[in-house]
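Down below are the structures I want you to see.
Below are two complexes that have chain A in common, paired first with chain B and then with chain C.
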Partner chain A sequence: MRFRAKIVDLACLNHFSRVINTIAKLAKTCTLRLTVSKLYFILSDKVANGGVSMWCELCQGNFFDEFQMEGVAAEHNEIYLELVPENLSRALKTAQAAKAVKIKLTNKHCPCLRVAVELPSLSSSSRIVTHDIPVGIIPRRLWNDFREPSVPDFDVSIYLPVLKTMKSVVERMKNLSNSIVIEANLSGEMNLKIETDLVSVTTHFKDLGNPPWASEDECQSSAQDRDLESMAEARIDIKKLQQLLAGQQVNPTKALCNIVSNRIVHFILLHEDVSLQYFIPALA
Partner chain B sequence: MPLSAQPAGSAEPDVLAASLDNARHLSSLLRAVHFQDHATCFATANGLRVTVEDAKCIQANAFIQAEIFQEYAVQEESVTFRINLSVLLDCLTIFGTSSVPGTSTALRMCYRGYGYPLMLLLEEGGVVTVCKINTQEPDELLDFDFCSTKVVNKIILQSEGLREAFAELDMTSEVLQITMSPDKPYFRLSTFGNAGSAHLDYPRDSDLMEAFHCSQTQTNRYKISLLKPSTKALALSCKVSIRTDAQGFLSLQYMIRNEDGQICFVEYYCCPDEDITEAEL
Partner chain C sequence: LQSFLGVFRSLPSLEKTVGKCLILLKPRANRLVVQLHCKYGVTKTHNLAFQECELLQAVYDTQRCASSLCAPARVLAEAVVHFPQTLAEVTLGAGPGGKISLRNYMEDEAAPSKSVVTELRLAEDEFQTVAVSPGSRITFCLKEFRGLLTFAEASNLPLTIHYDEPGRPVVFTLEDTVLEVHLVLATLSDPKSDLQPPTANGVSHLPAPSDDFADDLESYMIAMESSAYEDGPSGAPPSPTFPLRTPRPAESDPEEEEEEGAVPGTPPHKKFRSLFFGSVLTPGGPSPAPTQEVLAEDSDGEN
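Here is the complex of A and B:
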């Protein structure tokens, strides 16, 4: 098992740092899956997470200038690591003006991701700051726990409103209630609602548009015959939604959600070279 | 934009109905008196008064006169209810608190009367939020009986002179002592904290002093924890008037200019700290 990678381009480095910062806001611990062409940050829907799951995918070629990966075995040319993304985020904070960042999987006393940040210096020799981030190697027999979640058989799929507005509204609602209802229909309308003994607040978004899903397979059949005005809804933990929105530092190219009534809300946020899927289960 | 809150065919008109093009005209004033969760709203034809009290010693009032609103109508002589001010503020600022120039949240407020919730409709950029906040029985409010004929000492200061002083008050002191006198030190703020005592003097001929009418030397102490929230009103205001009566009751009146240049007032009344009975200098 070997892994080495290097980033030299500052824009790529900042972009990578932003992705890691977003992941760090969403998960305390997660799985990093390395393949020849991609990196994945995965959180599977355990009770410990409150049933939330996350799948974030990056093409390594868009970020790294050098990338060498040798998996556990030839037929299974992948590496699965368990790590605390906040540690990686903190290491990358020192790299804001770096000349280069090298990441390497090492096993001196225990498995670590060694992040070596080469900083500019006045003398001829560079300064190097090294961070050793402890990781757990996830054995091959557990890899099945981290498969890509399938798009659920949703009732409604709708584009999200402007994230800045959605973020403000959800943050205020978080002060008022622990749970929030998201409802949407196939006419591009979405409502966010909270209701407690003290207050009820509903925010109405219109003209959002509904994404056209290619209906090759039967998975969208429940959406096809649906009355356009009828709302699909789910009540979810408001903190989880707020964390997702707060982690978005840059506006995504595409942002949408799929609602399975009273079951789950599936968020898809697409940036140029990063895709993030986040599943929030409905509360009982 | 006119937001109609009345469902078609409803027989009872709203006892209070008001519209504001910029909800910040209301929310910023309410923040200046937000030191307790609950407030009493009192609406008359003249406008809205929101009162917050604590410990039976301090009362803050925010006045938003009818002219500030684009539409304002009260169907009874007066309308009173108690409401959760924290919830009200969260609703008024549902679209965020930063004031981006050019964008503002439009507000329509309706109240059907005793037992009904306060309804707010807020709109920004085509997005509409509807809030229904439960109301309660109004509390009995303190009456400080503070009128201009009973005023012993009065000064009017430009707020910028006091802002730093109030922001940096030594909070380890239990009291804020205010001395007002026709003679030196004229106007003095004192604290007695863990590190020692601090005195801040304002001379009567200072540029910041707009008016100085002190007839008697008075020294009064007030619980600092009760007065500290007034810093919010001070931060918003351009001028403040400080008055005391014969019993040492304190009245602070803040003149606040909103984004459109209209004037509103916030006042704080405070009882002197009863543990101290003698004047000291």
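Here is the complex of A and C:
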């Protein structure tokens, strides 16, 4: 099992750091899955997370100048690591002006991801900062826990409003209530609602547009027969929604959510080379 | 110190309005008077109450330190930025290939798989002078060091680090035409070093530190201080209580301040003392008083 990668381009480094920062805001601990062509940051829906799950996928070629991976075995050419993304985020934070960043899987006293940052200096040789980030190697028998979640059989799929606006609305609502209702219909309308003993607040968004989903199988056709005005809704933990919105450092190219009434809300945020899926279950 | 700082709080407005500043001491009234003579005939007088206290003087001699390094403050400031703000201690070492390394110190050796280990290597030519024993290493409090670096960077002064064996104090010095700054920090003693024979002048070595320094901190600190006291009458055993010297009245200390580094809330096996002096030292340095007078028992730990 071997892993070595290198980033030399500053723009790629900044982009990668931003992705890691976003992941760090969403999960205290998560799984990093490495394949020959992609990296995945995975959070599986455990009770400890409040049932939230996350799937973030990056193409390594868009970030790394060098990337070598040898998995646990030839037929299973992948590596699954458990790590604290905040550690990785901190290691990259002071690498803004780096000449190169190398990441390597090592096992000196315990398995670690060694992040070596080469910094410019006035002297003849560069300054090197290394951060040994402890990781857990996830054995193959547990890999099934981390499969890609399938797109749920949703009732409504709708594009999200401008994230910045949505974020400021949700942040203010967070002060008033612990849960928020997201409802949307196939006419491009979405409402965010909170209701307490003292006050109820609703923010209406219009003309958002509904993404066209190719009906691959019969399951999606239920959405097509739906009354366009009818709202699908789910009440979710407002903090989880706020975390998702606050963690976005860059505006996604596409942002949408799929609502399964009273079950789950599935958020999809797409950037050019990163896709992030986030599932927030409905509250009982 | 807060009240003294309060007088000079807004530097920009002070620069615009104050013509001169008079500082005088009224010992009988226990007042330090700071008088600002400002524009338009305005005089602001601040009467600050003070209390006399016994001064703790660290006993150290930079000449006796085996290793020293000097670097522009900026280089060191850029180095510490890679460590988390909450990190308590850092280990400075002379590594292979002439590199000087800084590494975060982990208190709990039993859990290496829990925390990130960060290490920075600097080439010798980043330093203005390097005179270090190969393989030497010391561990000291990073927070205090960061404080000094902020000041040094702002004043654009090179910083010199004098150190010796683990357990002996590390001295950071800054020098200017108008001031000289010495920051003395305790360093962590190396548990493996108690195999070495006692030093030649009969001062007994540090008490063999067990893996948990917790219980023996007081005598450990005392022994550390007394082992650094090098020119007592030959053969005199180190005093079991904290040796103090009364400061000579002729010394002028324009910028003297004392900072109690021991924070009551810290875990018992980590307590570092730092004594911050800014003084124009009389040539030849202060010589030890002929009699060692213990004026106060070591009561700092009980704060």
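Just a few scattered comments:
Basically, the second predicted complex is superposed on the first by the 284 of 284 C-alpha atoms of A that agree within 3 Å, B and C clash if a C-alpha of one lies under 4 Å from a C-alpha of the other, contacts with A are read in each partner's own complex, and residues count from 1 in each chain.
By our rule, contacts are C-beta pairs under 8 Å (C-beta built on N, C-alpha and C of every residue); 3 or more make two chains touch, one makes a residue touch a chain.
Predicted model, so just to flag it, every value in this text is computed and none were measured.
Partners chain B and chain C fit side by side in the overlay (superposition on chain A). Once the two complexes are overlaid on the shared chain, A:Q68 sits clear of chain B and of chain C alike.
In the superposition on chain A, contact of A:T94 is made with chain C only, not with chain B. Contacts of A:H131 after superposition on the shared chain: chain C is touched, whereas chain B is not. Residue contacts after overlaying the shared chain place A:S121 against chain C, while chain B stays out of touching range.
In the superposed model, A:D197 lies in contact with chain B only, and not with chain C. When both complexes are overlaid on chain A, the residue A:N262 reaches neither chain B nor chain C. Once chain A of one complex is fitted onto chain A of the other, the partner contacts of A:K206 are limited to chain B, with no touch recorded for chain C. Looking at the shared chain after the overlay, A:S168 reaches chain B, while chain C stays out of its contact range. Here chain B and chain C sit at a least CA-CA distance of 5 Å once the structures share a frame through chain A.
For the contact definition in use here, the chain B contact set and the chain C contact set of chain A share no residue. Remark: chain A residues 161-162, 164-165, 168-169, 172-173, 175-176, 197-207 touch chain B in the complex.
By the touch rule above, chain C contacts chain A in their complex via residues 79, 81-82, 84, 112-123, 125-126.
Listing the residues of chain A that touch chain C in their complex gives 87, 90-91, 94, 109-110, 112, 121-125, 127-134.
Residues of chain B touching chain A in their complex: 84, 86-87, 90-91, 93-96, 124-134.
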